[in-house]
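Pasting a structure here, questions to come.
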Amino acid sequence: MKIGILTSGGDCPGLNAVIRGVVLKGTTTYDLEFVGIRDGWRGVVDADFFPLTRHEVKGLSKVGGTILGTSRTNPYEGSRGGAENIAKTLYGHRIDGIIAIGGEGTLAAADRLSKDGINVIGVPKTIDNDLRATDYSFGFDTAVNIASEAMDRLRTTGDSHQRCMVAEVMGRHVGWIALHAGIAAGAHAILIPEVPLTIDDICELVTKAHDRGRAPLVVVSEGFKLMGMDEAFSDKGLDAFNRPRLGGISEVLAPEIERITGIETRATVLGHIQRGGSPSGFDRVLATRLGLHTADAVMDAEWGKMVALRGTDIVRVPFAEALGELNTVPRYRYDEAAALFG
Amino acid sequence: MKIGILTSGGDCPGLNAVIRGVVLKGTTTYDLEFVGIRDGWRGVVDADFFPLTRHEVKGLSKVGGTILGTSRTNPYEGSRGGAENIAKTLYGHRIDGIIAIGGEGTLAAADRLSKDGINVIGVPKTIDNDLRATDYSFGFDTAVNIASEAMDRLRTTGDSHQRCMVAEVMGRHVGWIALHAGIAAGAHAILIPEVPLTIDDICELVTKAHDRGRAPLVVVSEGFKLMGMDEAFSDKGLDAFNRPRLGGISEVLAPEIERITGIETRATVLGHIQRGGSPSGFDRVLATRLGLHTADAVMDAEWGKMVALRGTDIVRVPFAEALGELNTVPRYRYDEAAALFG
Amino acid sequence: MKIGILTSGGDCPGLNAVIRGVVLKGTTTYDLEFVGIRDGWRGVVDADFFPLTRHEVKGLSKVGGTILGTSRTNPYEGSRGGAENIAKTLYGHRIDGIIAIGGEGTLAAADRLSKDGINVIGVPKTIDNDLRATDYSFGFDTAVNIASEAMDRLRTTGDSHQRCMVAEVMGRHVGWIALHAGIAAGAHAILIPEVPLTIDDICELVTKAHDRGRAPLVVVSEGFKLMGMDEAFSDKGLDAFNRPRLGGISEVLAPEIERITGIETRATVLGHIQRGGSPSGFDRVLATRLGLHTADAVMDAEWGKMVALRGTDIVRVPFAEALGELNTVPRYRYDEAAALFG
Amino acid sequence: MKIGILTSGGDCPGLNAVIRGVVLKGTTTYDLEFVGIRDGWRGVVDADFFPLTRHEVKGLSKVGGTILGTSRTNPYEGSRGGAENIAKTLYGHRIDGIIAIGGEGTLAAADRLSKDGINVIGVPKTIDNDLRATDYSFGFDTAVNIASEAMDRLRTTGDSHQRCMVAEVMGRHVGWIALHAGIAAGAHAILIPEVPLTIDDICELVTKAHDRGRAPLVVVSEGFKLMGMDEAFSDKGLDAFNRPRLGGISEVLAPEIERITGIETRATVLGHIQRGGSPSGFDRVLATRLGLHTADAVMDAEWGKMVALRGTDIVRVPFAEALGELNTVPRYRYDEAAALFG
């Protein structure tokens, strides 16, 4: 049996470990043959394949990024896209099935292709931890570690200058990275998309920490929405054209916090460093195990499913469980952390 | 209500984060009062207490070790030990209950004290991950990260010299650290207490990796028992007096592997560096959450229970669930990893 | 003899190690007495002093930031400033001399105070490495390590997405951090204040790397001046009001590189994480040695001088040697690195 | 011109960065051709060569170990060794000169080969920093960082248990790693080959630290010689056969310290983790610069010399300057550090 593997969407520490896990188990235990598909669904549509043997995956458990390349191509778009064309391409190259490692968009496409008769098995990938159906996905733990360490560094500057530091972390729709990194770093305020706050709420937390002699640390998800922000900006005569150029949300918050509290405040956007580099031990183990179990699932012809972490076990679930709704931070988890704010 | 907190047994990254979580939530949400108990049960027996306010726990989430100190004292031993004496001591200091953070021995003592009428709540602590009743305990993730990084380093030396490297990690009775660090580092053999092997089994794995052009990496738990070792040593005329002085199991294995396979082999005992230093993000979050929930459990007067991780939730379980049997590596988890050996 | 110690200007990994070195040697070898001066020259002017014993400096060699606090106050400004007032303040508190740890502004002030009769010894502090008279100062090595690691991370993302990554590092007037971190990370272009380039020069380097199949990495000092930038912006009708809001220089470069080369390009501003956190081994040793030698210099009454690194030795030099001109990257060092661009 | 490159002796972080620096500058600036020589002098003797283009050195600045492999072969030994045979081999493969990256043995052999008419340029390699003629060599800074971090970890355990921790680091003949790592980690005793001490001297330092409430940290070079050790062992009836099996010097010291001071004491041998893995920023820059300058030296036909660091410059020196005497820790550098012991 010949199986294609692709990685799709933003890169994430652990992708290579998944690929290695699949290929090692698939070739040594099951005698499967693999091809690498270049740049996600683009490679499927363009038939951009190359042989993937255990030699190519040597030493990959600790290597960040993806040796397959990635893109945001939708397999249903373009003149060569769509299930029928893809089926022909795969048949022409004698590829019996696809392992698709990706986030919500990828898994939705995989689900649709699967219903359209293509053999697909999914591996959930979300550095933001925004997918339901899996307790965690690889990359998230590494991102939390990087963000926590960065905030440990920011704190020494905050303490030395008695400044408020605002650290902006990933999390477009869900606040998991901010929540965990904020708990880990001992933040005095954690701002996440799920819990809108006003600038006054935030300044109250900042002032409270400052009054206790601490240099306040505010962690904010990139997707946090400040309550009343639109009104505030329209008051200042700033229009839509100007606002995006203000940069991340932390760069909006910092000057406002400084203006209202009188405490010198600096913003730092952690950005791409959160998603690159060598995975943490946790992510290497999780990604490798997902890869190993994906090879098993291929042998069991469990097409139309994805592998997932539940407790300490790897399980198989239908794509549908991961789709539809995002894995948002539940209110009780936010409240749990808020007890630390003081 | 006044509550004493103690840490007992070997130190572990995350102890301070638990203490901080308990004290922050207990003082700001519940108006509890805390005393630190010095050096585990010794401090209970000797009435060695000091006030523990939120000021003392400032900034502790990232600090390794324990500000309370620790010891291996058994609270039932000595002339001032035993439930009756302890009850008097606690009453005399108006201490209403104890939070005991420790491993199997500590939790067993806590269980017994609890049955003898002392108010105790437990927090599981095991860097080896050898306690049932909790999916993971804090410290384990940090140890796996440290061991994985150390092995990444060993590999470059192995590769440059075409040597076999034997890395000895913690794990007296269970092989979790070896299993996870071995998967993370891409080891060619993982040797754990749960799965006895002969020297020939090991050399076969080493030779197989070497024949594929790899510098073999062997990870071994300190508690691994080599099948046939006693016979081998008695053949060489080494008696019990001599053997312990040979050092760790890795120092027994390395020369044997070199002798049998002809591949130059070096042993490294990671030792105490695995248990010190700043906790990983995962461990900081887990430890902090355990601390927060322990404060809740105190308010609910859930004496005789311990907090634990199940999936992504913190739950309360009777001490008994953690006692009796160790959390060993199940055979299917070893076999899962063995598929990577090639 | 009673000596005050102050830290001034931006914080820097190693400040605490200097303080510890001075205090340990001063108290145990020489029987000196120390007071900490809070927040740089502000504490001198405001007589904000506190006793500084070996107890306060315990364990500080590895701690980032400064336990003394820092500010950018000029000792000659304000109603209580100036040499005469300061002399009175110091006399009133029986302080015989000041150890001033700071950058160019601090050392210039120290020089002036010294000439005005105040006993001052200086310790050079510049994370940018912009001071002459010392081969390196502490903090620089740590910043290069942090920047190099961050760029290792950025590269995996660049490689996975075939993107150009632009990393902006510290260096307002000199390009040392960009030069060293760029060499360390294998950058394809290093942009420093000392070597102005046009956007076309930069795009040529980016395209060359891309044509060789690499994901181009561009490292840029925050103080890099793009040749022709003012003209370019005025062509687009952007006025002075709009430009500063565009953020750092990397955020100016990235869209231009993408527009001209057609290669997807992302900017990351490393910002404050470069100056916080635990110092590297090199910086701990350098800072500690500077501290130890400063205590010696106090005993030798070498007022009006600063300690400095020359080769592997710590020497004493007049303040003047560090002032006037900055330690810029010489052209031959840039050309040396440019040979790596390909 | 065709040049062979070899790495010899123990591996060291930065070897690959030197190779990359030579090859990038040599091929892009000078049009040199390179061959890799496998496993040090063995590859010269056995004519084990392979083409080394810029493609092979891609991304190597951050990779530990050596892609060329290494060995301890002496080029003057064996039937195919000796200057005459080597000259023939090189001539037969049209190799015009050799770049030899190695330690004292390698440089001595290079010197002799050079005098025997072979074109050789040297690059000093010594993780112990034991070579004169260069201020530092690559690898040393990385080793100090690893050892410092490991000791930061050991300290938390020491503090929690009020134990004395003995950390054994590399340094067979010189104590630089112990000296720098000991200063960096705030050790209470630093034991180096250059300064013999008795067990009583050591215990006095340990007791002094303990009396101040500290958990004593002792750093010891593997090559430290305990004064009076031979006598002590013969008193116990231990003969030469038994002693080597006692392990490293730290394992000799720990029980003696515990016995004499009554303070619980643990030994940790850091071992091979000090020499592997990704180089620090400092080492990447130094190694890359040495490589770049070696390419220049080849073009200038500076055979019989080695490149070296002096202050911030790379210079060329005759082999002889590095040979003969080792770069030991001078007494004033030890005394400087001893002021910190308290």
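Per-chain residue numbering starts at 1, and chain names A, B, C and D are given in the order in which the chains are listed.
Throughout what follows, a residue touches a chain if its C-beta (ideal position, glycine included) is under 8 Å from a C-beta of that chain, and two chains touch if they have at least 3 such contacts.
What you are looking at is a predicted structure, and each value in this text was computed from that prediction instead of being measured.
**Q** How many angstrom lie between the centres of subunit A and subunit C, each centre taken as the mean Cα position?
**A** 34
**Q** Averaging over Cα atoms per chain, report the distance between subunit B and subunit C in Å.
**A** 41
**Q** Of all residues in subunit B, which are in touch with two or more distinct other chains?
**A** Only 152, 155 qualify.
**Q** Pick one for the touching-chains graph, please: line, ring, star, complete, other.
**A** Per interface graph, the chains form a ring.
**Q** Once the touch criterion is applied, which pairs of chains come out as touching?
**A** After working through each pair, the chains in contact turn out to be A-B, A-C, B-D, C-D.
**Q** Note which residues of subunit C are touching subunit A in the complex, please.
**A** 7, 11, 13, 15, 63-66, 69-71, 146, 149-150, 152-157, 159-162, 165, 242, 245-247, 251, 266, 268-273, 275-277
**Q** For subunit D, which residues count as touching subunit C in their complex?
**A** For this pair, the touching residues of subunit D are 20-21, 24-25, 28-29, 54, 58-59, 61-62, 135-136, 141, 144-145, 147-148, 152, 155, 180-181, 183-186, 214, 278, 280-282, 284-285, 288-289, 292, 310-312, 336, 339-340, 342.
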